[in-house]
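Input: structures, listed below.
One chain, chain A, links the two complexes that follow: it is found with chain B in the first and with chain C in the second.
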Partner chain A sequence: MVSTTAATAATTSFVFPSTYNFPPFFTPQPNSTTRHSQLQKWSSLIQSWCRHHRTYRLSLVDAVDSPLFHNTALRKRLALAEARAVVDWMTKKEEEGGGGQRAEWIEAGGNTAPKIVAWIWWRRPEEWADVLVDWVDATGQKGVVLTVFELLQGEATVSQEFHGMDNDVMMKSLNVLVKRGKASVFGNEGEEGVKFF
Partner chain B sequence: MRLDAAVDDLERWWSGTQVDSQGKYKIPDYQNGHAYLTSHRVCYVAAEEPRKFSVGIDLKEIDRAEYQKGKNDKSRSATASPAVSQQTSLLSVHPSSPRPQSVGPQQSSSPKPVNATWICPICSFSNPVPSNFDPATATAATHLPPCLACGIKPPFTTVLKAAISAATSRDPPLPNTATLPTENDNTHKNGSLSGPSGLAGSVSCPRCTFVNHPSLMECEICGAPLKVGGPSIQGDDTSRVDSPAPFFAQSRITNSEVTDSIKLSFREGGEKTFHERLKGALIQRKWLLQNAPPVPPPSQAGALPSGPAIAEPQPATPRATAVGIAGLEQRGLETRMNNQLVIGNAFEDLEALMASAKQIVALAETLARESGMTTNGGASAETNAVLSESAAALGMVTTKDMLSSGSENLYLSELSRDLAEYLTDDRKGVLQREGGIMSLIDLWAVFNRSRNGVELISPSDFQRAAELWEKLKLPVRLRRFKSGLLVVQRYDWSDEKTVRQLQEWMEELRCVPPDEAVPWDWTAFGRAVTAQEAAQRFKWSVGVAAEELEMAEDRGILCREEGIEGLRFWSNYLVA
Partner chain C sequence: MSRRGVGLGAFANRTQATQSFATHGANLRSTHTASLQTQLSVFQSLLHTFALEHSSTIKSNPTFRAEFARMCNTIGVDPLAASNVKGKNGRRGLGEGGSFWTQIMGGDMNDFYFEVAVRVVELCRDTREENGGLIGVEECRKRVRKGKAIGSGLEVSEDDILRAVRSLEPLGSGFSIVHVGSKQYIRSIPKELNTDQATVLEVIQMLGFVSVSMLQLNLNWEKARAQTVIDDLLADGLVWLDAQGPEKEYWSPQNLLDDSG
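So, the complex of A and B:
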């Protein structure tokens, strides 16, 4: 099992938004307008937190004790159920009154209990695919065969945002490109190669 | 006693014109209102501006009541009432005049027989029946003055018969003919002297028919008082001119003539009941209880003039004043007697209440016994529920006193007005003290307490009365919060006002540093407030404060924070 939080350590400390220090932020609001606004703020906080910490999978059980959901200064925390409600909202499409699919529950794998771990899409796989294509175009590697390991850990990608990215997220992004007909993936599991067109 | 007759017109007949609908005037401003009948008077209360255009007439001034089935169809109102415009004519002598004036001589001019005499069975001397002798109330215990000639006390029945025969012989000229109750007196006084004798310039004695000289007051032969210019009549007349009806002057008609009748026209029905109850009230003569002289002690012999003995205390009586300790003792005795009378009157109504209270207590006991039986077999929630229901029902019974089901609406609307008045009364300032808004339950408790435990209002009646405020355009409103809490507030109170107040408060909190160091930026977020704090600041009750805060939250002005300290409200910074 891959660790739920990527190993990248935060070089600079995360700057929380001002609402993080607003005590009602941690209480579910009954007013629907206020609630919607509250959820949006939570969603953007979670995304920027995950981006800052290079987190792709968020385990709620671990996260409720992290500064993300636990404001030690205010002695306020977002309860697990409430955190789940926020992520649940993030998984929904905007047309459904949700947060624009900025999260996705991970049902399979080692997690038998549902809605414990979720992908946090601070970049959706489609967006990652665009980033990859841009990089390939910029470096003139069209038609070149690369291994997925190279993409993730190779020296050439150190400067790139997807360097050190979660393997599963990379595979999802590449699959998007395959569907678009911009790449093809081959090879066995763990030794995949990819060719960009 | 109250009646639910809704009267829409108050019309009057002028004595100067006959009952031929020629001289019928409507009185402006008295065209729409309610008629009330109490045990003492008939009142008209205008629907609009009741304080200005309301009148009353004492029942004791009313000679008789008549009922006319709408002979004049005057359906100017839009009501679909099928021509039941009905007139109850109250042929009255005195319309209600200021109370203090209607004592003394004026009283003696009321329909009591002035010239009744009784013949002494011993010496056959004709004695006058004492003026305070009323055949309706006199009993064998009533003190009777002895015969003026032989000094023997007459048998009660003799005097009673004499009084009744005098009264009946006086009555016949009254009914519907053009002559009005006091007509015969008036015509004589006017000097035309076209009286029963028909002889110009002379008057025949009503008893012995001897024709007397017109200037004589009493019959030369038998001593019977003659009608011409009797002192009592004279007094009667002047007093009438002196004390015109209060509403007389308000009409445009010159105030030169005496009113002899008052007509109430009913547009929306109820006239029959009203007439029946009025007749009943006239027969019962409850006002006599108030004005009746106390059973006179022997010392206050029959010379006592009629009139309210309470209001007109001893100095008027020609009794020799005792001096010294005896005098003091006597005065003390009199005071006690008076007190007794007052208390006796006051408790008369209470006795009626007690009578029904006994029934209710008995009923409650039966219920208690029944529930006791069931509890032996194990009390169930069901029986408890039934019991509490019947207890509530009992509560209803006690408050619907004297009111038939038909007058329910009137009761509620009156209660509603009563409540509004109570709430807006500046002296009590009930609503102001509560910050302009209070819960209905609080009001119910306060209002019932202010009634000193008498005529308590049942909760359901109370709520229904409060619901009528809006319909009756009263200056208070009932409002239901989201949670179902019912509150009372001024009609001009609005949520916007409350919200503005709350916002001002929040702004204030942002400027004042909190007492303790806080982990958040108080210059940006201010401070949280609880319902208790809001209640304290705006003088609301806590329940109301909680509701108002939630209302503001509902409008997105505030947002909540739930913590171990409880529910607190913040200015809403979540909505960008």
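So, the complex of A and C:
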């Protein structure tokens, strides 16, 4: 699962914000206040891009050539180092002057160079956990045992936003619920079951 | 009248004549003033009736509202002037409590402008990081019209925005209207633009962006002067830098505003 989640064929094309057509958007701004505003705009663009394409992990090496970081019409691009700076900012807490932990670097098995692939939390695991709880409540499935596969691929969840989501993100979200005492996860890796309380 | 008097008596006559001319003049003047005052008060009361009759249109139609406000200004009625300046310009005829709007249309007209003012303040504050506290009145109007939430848009004219900004003045808010070229801006950070800076902003308005060499060519500025002005604008957050072209380009962030922000 080191590779990035393939962007599912989007039914509607992504609408870029007007910032995307503003040439200076692709140059790191020397003025710190302006820079802060720029980072916020990048963060929100990356999140909505990933949300649109149902991308959970973003590989920067691939992304720098995608429309996200490369505006072919303007012939402007966000260089790899600069994209990394933006994502790095996103990983930091707001109190640290960052983007509110909307991203997280994936330290993959030691063989991938660090700060290449990152989780993009257009919804943080805690937020996904809330979505799951709401769904369980709404469908009256408290106490019912479900497999993780059912949650991700089952017919019952087709209409849900978490349907077909990244397996690791699902496990992270379920673990949040486990910590909160709202669910328990059991079974072997790859065939986990979950029970909501 | 012009018969020249003869002898010593003529001196007395002349003084008399001057005096009577003066009296007559004064009479004329006061009659004139009186009649003008009558006209004005008649006009004001007509305006009052007019405003009452068309209050719903004034409230709903921004163009109509602007025209009406302009008319009021022409005859010395400041529709927004609140009770703290009452009677300043002989406006006593309209009563002393509250502003003109309040009297003729209830509180909601003032509320309307305060609402607009609140939106303007919010917008200025939200966008201060990206535009250095300078926002075009037109851009501001678009944003206020759009509103933040569904259904929160306000149908406003530029005149309404300007009026709302002016209504903030008594608060010492530091909000002011700045003219750059043909455009009006709201400045929410109390800082003066010097002539060179204003000139550069004007050029950006026309060309979309500037570079040092463009300024050198078009304004015959020395390189150091052009660079200094741009550096100042950059330091104030009024322009953004694009370093990916052959020469550094400086853009105004005014067009960023349609962003969901």
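Here, the second predicted complex is superposed on the first by the 190 of 197 C-alpha atoms of A that agree within 3 Å, B and C clash if a C-alpha of one lies under 4 Å from a C-alpha of the other, contacts with A are read in each partner's own complex, and residues count from 1 in each chain.
The rule we apply is simple: contacts are C-beta pairs under 8 Å (C-beta built on N, C-alpha and C of every residue); 3 or more make two chains touch, one makes a residue touch a chain.
The model shown is predicted, which means the values in this text are computed figures rather than measured ones.
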Chain A as common anchor, with chain B and chain C clashing or fitting: clash
Return first, second, both or neither, reflecting whether A:159 touches chain B, chain C, both chains, or no partner chain. neither
According to the stated criteria, A:188 is in contact with first (chain B), second (chain C), both, or neither; which is it? neither
Which superposed partner A:73 touches (first chain B, second chain C, both, neither): first
Taking the superposition on A as described, I'd like to know which of chain B and chain C A:13 touches: first, second, both or neither. neither
Once the shared chain is lined up, is A:30 touching chain B (first), chain C (second), both, or neither of them? both
Which listed stretch of chain C (60-68, 150-158 or 204-212) steric-clashes with chain B in the superposition? 204-212
Both chain B and chain C touch chain A at residues 18-19, 22-27, 29-31, 33-34, 37-38, 41, 76
In the complex, the residues of chain B that touch chain A are 519-521, 524-525, 528, 553-554, 556, 559-563, 568, 570, 572-576
Touching chain A in the complex: which residues of chain C? 129-130, 132, 209, 234-237, 240-245, 249-251, 253, 255-260
Per the touch rule, the chain A residues reaching chain C in their complex are 17-19, 22-27, 29-31, 33-34, 36-38, 40-41, 44, 76-77
Could you please specify the touching residues of chain A with respect to chain B in the complex? 18-19, 21-27, 29-31, 33-34, 37-38, 41, 73-76
